[in-house]
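Chain nomenclature is as follows: A, B, C, D, E and F, assigned in order of appearance, with residue numbering initiated at 1 for each chain independently.
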Amino acid sequence: MVLIKDGKRLDGRDFDELRDVKMEVSVLERAVGSAYMEWGKNKVMAAVYGPRELHPKFLQDPTKALLRCTYNLAPFSVEERKRPGPDRRSVEISKVTTEALSSVVMLEKFPNTVIDVFIEILQADAGTRCVGLTAASLALADAGIPMRDLVAACSAGKIQGEIVVDLMKEEDNYGECDLPLAIIPRKGEVVLLQMDGKLTKDEFKKAYELAFKGAMKVYEMQKNTLLGSMKRFVGEGGNDDGN
Amino acid sequence: MMEIEAYLRKDYITNLINEGKRIDGRGFDEYRKMDIEKNYVDDKACGSSLIKLGKTKVLVGISMSVGEPYPDKPQEGVMTTSVEFRPMASPTFESGPPREEAIEVARVVDRGIRESGAIDTKKLFIEEDKVWIVFIDIHILDHNGNLIDASGIASISALMNTRIPKYEDGKIIYGEFEGKLPITCVPIPCTVAKIGNSILIDPNLDEEYAMDSRLTIATTDTINAMQKGGNGSFKEEEILSAIDLSFEKAKEIRKLIEE
Amino acid sequence: MVLIKDGKRLDGRDFDELRDVKMEVSVLERAVGSAYMEWGKNKVMAAVYGPRELHPKFLQDPTKALLRCTYNLAPFSVEERKRPGPDRRSVEISKVTTEALSSVVMLEKFPNTVIDVFIEILQADAGTRCVGLTAASLALADAGIPMRDLVAACSAGKIQGEIVVDLMKEEDNYGECDLPLAIIPRKGEVVLLQMDGKLTKDEFKKAYELAFKGAMKVYEMQKNTLLGSMKRFVGEGGNDDGN
Amino acid sequence: MMEIEAYLRKDYITNLINEGKRIDGRGFDEYRKMDIEKNYVDDKACGSSLIKLGKTKVLVGISMSVGEPYPDKPQEGVMTTSVEFRPMASPTFESGPPREEAIEVARVVDRGIRESGAIDTKKLFIEEDKVWIVFIDIHILDHNGNLIDASGIASISALMNTRIPKYEDGKIIYGEFEGKLPITCVPIPCTVAKIGNSILIDPNLDEEYAMDSRLTIATTDTINAMQKGGNGSFKEEEILSAIDLSFEKAKEIRKLIEE
Amino acid sequence: MVLIKDGKRLDGRDFDELRDVKMEVSVLERAVGSAYMEWGKNKVMAAVYGPRELHPKFLQDPTKALLRCTYNLAPFSVEERKRPGPDRRSVEISKVTTEALSSVVMLEKFPNTVIDVFIEILQADAGTRCVGLTAASLALADAGIPMRDLVAACSAGKIQGEIVVDLMKEEDNYGECDLPLAIIPRKGEVVLLQMDGKLTKDEFKKAYELAFKGAMKVYEMQKNTLLGSMKRFVGEGGNDDGN
Amino acid sequence: MMEIEAYLRKDYITNLINEGKRIDGRGFDEYRKMDIEKNYVDDKACGSSLIKLGKTKVLVGISMSVGEPYPDKPQEGVMTTSVEFRPMASPTFESGPPREEAIEVARVVDRGIRESGAIDTKKLFIEEDKVWIVFIDIHILDHNGNLIDASGIASISALMNTRIPKYEDGKIIYGEFEGKLPITCVPIPCTVAKIGNSILIDPNLDEEYAMDSRLTIATTDTINAMQKGGNGSFKEEEILSAIDLSFEKAKEIRKLIEE
C-alpha cells in the first residue's frame, strides 16, 4: 500500500503534521470530571471518579491514593467487532496509562482512597492510547484533582522509510514502526514510551523529536480547553453575563 | 445498599409526586428532551446512534459479522444484544461482566426488536451454514435514569441506519457496503414508573430511587414485549392505561427517529 | 404444527384449563423450608435458607433483609443438554422472581440478613418461571418466613389466534405469544408480568384475565397444601392421632 | 470453618462409635435405607434416577449428544461426568463453579464407571468424526452424608435406563429413541469411614464430621477404583477388610438397582 | 505395545525396581522452604510459604493452620501443550495431596494462619503426584515446619498381567492399572491411596506391598537428603570447614 | 501495599546508589551472573531453557502444535507468548489468571521477538488452513528482580534450541522431529532502572523496590521494542544512553546464548 505520494501522506498531511484534534471537558453528568476528544477519526471519552474510599480495606495505602486507569475499546469502535471485556492489550495500556498519570497526580494528598479513571474508545483509528491518556489528563483536571502538570501524548512512526508524526490507521497497519510517547511538558520528561518495529538509534531520535513536538502542541490545546472551561464557568456564575 | 440520603431523596420525590409535580417540572406523561445523533461511530461501525434522554447518554453500535445460523432456523440471520454498564456512567457501576440489571436491559430491548420481527432476518442468509450476525452493542455512558427506553430507542435507530458490508470470496470487506439492513417496523419501548399511586413516564434517576415498580411496554402496531420490574405491584387498570400511553408515546418517538 | 383441533388443545385441554398440578412442602432435610411441585410435565423443587447473616458485611442493609432468589435449570431438564451455570435467561428470571417475592416477604423484620431461595427446575416443559415462583412462595411459607400474602403464578398465551391459559411446551414453541403473570391474590395485584410476541390490547386483556384466574386456582391449591402440612404437623404432635 | 458445636458433635459421635454404636442405630456394616426412583426425569432426559440414601437425595440425569471422539480413540463414544453441589442441598454449598469436593465426587464416580468399561463406548460410534457423547450430570439436592456412594449408585442406575435418541440426517430427533445404552457391568462404589479405630460403612453427615478419613472402593468383579480421603490414615488390614466389605455390599446394591 | 520382554521392563528395570531418583532442598531464594526432585524423567519443584496470616479473616481457624497444596502441571511439561490453569485432575491431586500432608504437619501450632505448598511439575512422565507429594514433604521440612513424620510416596501398577512398581509413562498409558500410594513411614500407615483400572484383591495386595516398599526406599532418600542439607548448613556455619 | 520495611529498604538503596554503589557490589552497567541451561525440559518440550540471572530463576518451554493461521497472514505460522507468575516464585504472587504485571512481561517479550522477525514464520506453513503454532510459555520460578530480561533471554534461547515435531497424516508425532525451528536473529531485551538520578542495568529485587521507573529496550541490529514502566519519568539523554547501553550489552549476552 502506498502511504506517501509527492511528499504528502494519504490524508494530505505533511510528515510533521498532526490530524485534527478537538477537546471538550465536563461532558458527563455523573462523573466527577470528564473529557471528550476527537483526534482524526478517533472518538474518546474519559471520566474520573474519586477520590473515594478504597474497598477492600487491605488494599488501602495510608500514605497515598491508589490511581487506577481502565482503558476500554467499545465493541463497535473497530471494524471487526471486538469482544467485550479486557484483553491483554487493554490491560497493558491501562497499566502504562496509570503509571504515566501517577507521575503528576498528587496522590499523597488523598491517603486510603482510590481515584478511578475510565477511558472509553468509542471509535478507534490508531493512536488511541495517546488520545485516551490526553483525555484522561483533561478529565482529572476537570475533576479538580490536584496535579503537578498535565500529561500530553502523541505518537510518531516510520512509514516507507520516513519518520512521521501521529500515524493514522493505514500508516499503523502498513508502516514499519510505531512509537507512542507521553510527556510532562513543564519538565520536558517522558512518562510513557513504547515502541515496536524497527528503528536505528538515529531514526529513534528523529521520531522522538517529532512525537515530543506533537505532544507539546497537544499540551497547548489542553491548556486552552481547560481555560475555556474555566472562563465558561466564571461566566456562568458571574453577574455580567447575559447567557 | 441504600443510605440515609437516598431515603430522604425518596421521601422528597414521593411527596412531590403526591402533589402532582415532578422534580424537573415535567408532566406525568412527558418524556425528557430526546436528542439522537445518528451515525455517531461513522467510520468503523456498520450503524450507530448516540441518544441523549435528558442527561442519560447511551451509545449503540451495530457490528455485522458472518457466522452459522441457529440449527432450527438454518435460512435466517442472527441478532444478539449486549449491554455494558460502563463504570464511567455511574459511581455504582463496576468493571466486569454484566450484572443482572444490565442483563435485564439487554433482554428487554432484545425482545422488543426480536418479537416484532423488526429485522428481516430471512434476508440475512448468505449460503448454506453462513448467515449475517447482527451485533447490537449498547454502551451506557451516563446513567441518569430510564436506561431501557434510551437503550431500546437508540438500538432501533442504529439498526435503521445500518449498512451491510460487502462479502466476497468468504471474506468481509469492511468499509465497503452492499446495502442497508432490512428493517420492517420500528418497535419502541416505553417505561412507566409507579410512585405512590401515581404512574409517570420516563423516570429520571431520582424518580427511579423513589419508584415502587416499573412497567415497560414495547410496541409496534401490537404489543411486542412487556416487563414489570421493582418490588411493588400493579393494578389491572394501571397496566391497561400504561398500554394506551405506550402506544401513544411510541408514535411520537417513532417520528423523531424516522426523520 | 396444529395446536388446536375441534376446539381442544393438543393434550385435550379447553382454552381455560390448567394442566395437572401437584404440590408438596417440607420435602428436603437440610433446607429451612422447601417445596416440590409437578405442573404438567414440569418438576420443580424450591428451598429456603435463612434469614442468616449476610457476608461480606458491606452488603448488609440495616433496615431489612436481602432476598436473593436463584433460578437454575438442571442440565438434563431439557432435551438438548443445558450447560451448567447461569445464562442470561436464568439471571433475568432470578431477578424478576426476587422482585415478585420481595413484595410479600416481611424483609423489614430481619435487618442485616439474607434470605436465600433456590429454585431447581428438574424437568422443564414451558412455564417454569411460574412453577418456580409458586414453589418458592410455598417454600418460604414452609420455612416460617413471615409474609403478607402468598404469590401465585400462571401464564397465558396465544396459539393459532386463540387466547389460552397455561401453555405447554409445543404451544410455547409454535404459539404466537407467552405472558407469565404472578399475583398477590388478596390485593389482586400483579407482581410479575412479562410478555413477548404479538398481542393487541384486547387480546392482552383476555390473556390477562385467563392468567389471573389460573393464578387464583393455583393460590387455592397453595393454601390447601399448606393447610394439609399444618394439619399433618398438628396431627403428628397430638395425642388423638393413631398414625 | 468448624465451630464449637461441630467439635461437640464430633466428640459425641466418636464416643458413641467407640462404644460400638451408631447415632442412627445401624450396624457398622449397614447402609441406610436406599430408595431408587428410576426414570424420574421421564420426559426430557435420556435416562435418570433419583436416589434417597437415608435423607441424602441425589438426582442423576443422562443427556446424549453427538460430537467428536477423542483423537486417540476415534472409534469410541465419549462419557463425561459432572457434579453440582446445588446450594439447595446444604447451607455450606454456594452457587458458582464446582469446588474441589464436587470435583472429587465427579472424578471418583467417573473412574468407577470408566475403568470397569461399564459403558460399551465402541458401540457409540456413528460415523467418521461423529460419536455419541454421554453426559452424566449429578445433581445433589439434599446433603446428609456419603455423596460419593449416592452419586455413583444413582449414576449407574440412570445409565442402565438410558435410551439412545434417534439420529437422522445429521440431527438428533429428541423424544424418539433407537435403543438402549449398552451397559456391560454394574460398578458400585462403597465408602467406609474411619472414626477412632472403627471402620463403618455409609457414613451419614454427623459421622462425616467426626471421621478421620474415608476410603471408597468401586467394584464389579474386580476393584475398579479406589480413593482415600480425609486427613487421617489407614492400616493395611483396614484397607483389606474394606475391600471385602465393598465386594459384599456391592452385590446387595446391584440386586436392588437391577430390579 | 510390548511392555515386558524377557522378564525386564522397557527401560530394563526389574518388576520391583524404582527409576532413578534425585533430591535436593533449598533450591529457591524467595520461598521459606523448597525442594527439587528428578524421578525418572519427571522434574518437579516444590516450595513452601508460611505460616502466614490467612485472608480473608473469616477463613481463619483459631485452633489450627490451614494447609493448602497446589499441584500445577507446566504447559510444556507434557508433549501436547497443557493449557495453563487448574483443570479437574489438578484440583483433585491438590486435594488428596493436602489431605496426605495434613496428617503429619503440626497444624495446631499455628492457629489462624495458612501454610501454602506449591508443586510445579516441570517435566511429567507418570507418577507426578507421588513425586510432587514427596518433594512437598521435603520442602516443608526444609522450611522448618514441625512435622510428626515425613510423607513418602510411590506407585505400583499392573502391566501385561504383571504387578510392577513405579510405572513410567508408556506403562501408565498401555498398562491395566495404576495405584499411587503415600505413607507415613514410622507408623506404616497410608495417607494417600488412589487406584483405577482392574485388580483382584490378591493383585491389590501385591501392588500394595511393592508400592509400600518403594515408598520406604524413597523415605530413606528423603532422610539422607535432609541430613546432607543439615550437615552442609552446620558445615557452612561452623569454623572447621574450609569451603 | 508497601510497608514500613519496604520504605526503609527503598531509602537505603537510594542512598547507596547516590553514593555510586550497588547493594551487591556491581557496576551500574553490569548484569548479575547469568547461567543458562538449554534443553532443561529435554524429553517433553520442543525447546526449553532455564535461566538463572543472579537469584532470579525463569524456565521457558516451547510447545508446537498445529492450528489455523491468522486470516490476514494465511501463509504464516503463529507465535504466542504467555507468562505465569507462579506463586512459588514470590510471596506476593497469587494463583489465578495472569495479572497486569505478568501480562506486561509477556507482551514486551513477545514484541521483541515478533518485531525483529526472529522466528521465520513463513517457513511454518504446512498446508491450506494449517500452520505451526509456536507456544512460548514463560514460567517464573524465583523472582529476584528483572523478570523481563530473564524471560526474554530465556525465550530466545529456548526458541534457538527448538525442534519441529514430525507431522504425518494430519497428526503430530511427538518425540520425533523434522528439523529445527528457523531463527533469523537474536533479539535481546535490556532493562535499565532509574533510581534518583542514576541509571543502572539489570535491577535486582531491592533495586526494583527503590526505582522510580525503568526502561526496556530490545535490540537486534536495530531497536525492536521499547517499554517504559514505573511512575517516574525519563529525560531524553537518559533514553539515548540507555539505547547505547542496550546495544552493547545485547552483544555480550548474544554470545553467551549462542555458545
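By our rule, a residue touches a chain if its C-beta (ideal position, glycine included) is under 8 Å from a C-beta of that chain, and two chains touch if they have at least 3 such contacts.
Keep in mind it's a predicted model, so treat the numbers as computed, not measured.
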Least step count from subunit B to subunit D, where 1 means the two chains touch: 2
Hey, which chain ends up farthest from subunit C, C-alpha centres compared? F
Among the chains, which is located farthest from subunit D on the basis of C-alpha centroids? A
Would you kindly tell me how far, in whole Å, the mean C-alpha position of subunit F lies from that of subunit A? 28
How many angstrom between the C-alpha centroids of subunit F and subunit D? 47
Using Cα averages as centroids, what's the distance between subunit A and subunit D in whole Å? 58
Residues of subunit C that touch two or more other chains sit at 58
Quick check on subunit B: which residues sit in contact with 2+ other chains? none
Starting at subunit C, then subunit D, how do the chains run round the ring? C, D, E, F, A, B
Subunit C contact footprint on subunit B (complex, rising order): 1-2, 100-101, 103-104, 106-107, 111, 114-116, 213, 215, 222-236, 239-240, 243-244, 247
Please give the residue numbers of subunit E that touch subunit F in the complex, ascending. 28-31, 34, 41, 43, 45-47, 49, 52, 70, 72, 74-81, 84-86, 116, 118, 120, 122-125
Touching residues (chain side subunit C, partner subunit B) in the complex: 58-61, 63, 88-89, 91-92, 94-96, 99, 102-103, 179, 184, 187-201, 204-205, 208, 212
In the complex, go through subunit B and note every residue touching subunit A. 40-45, 48, 55, 57, 59, 61-63, 65, 82, 84, 86-91, 95, 97, 135, 137, 139, 141-144, 172, 174-175
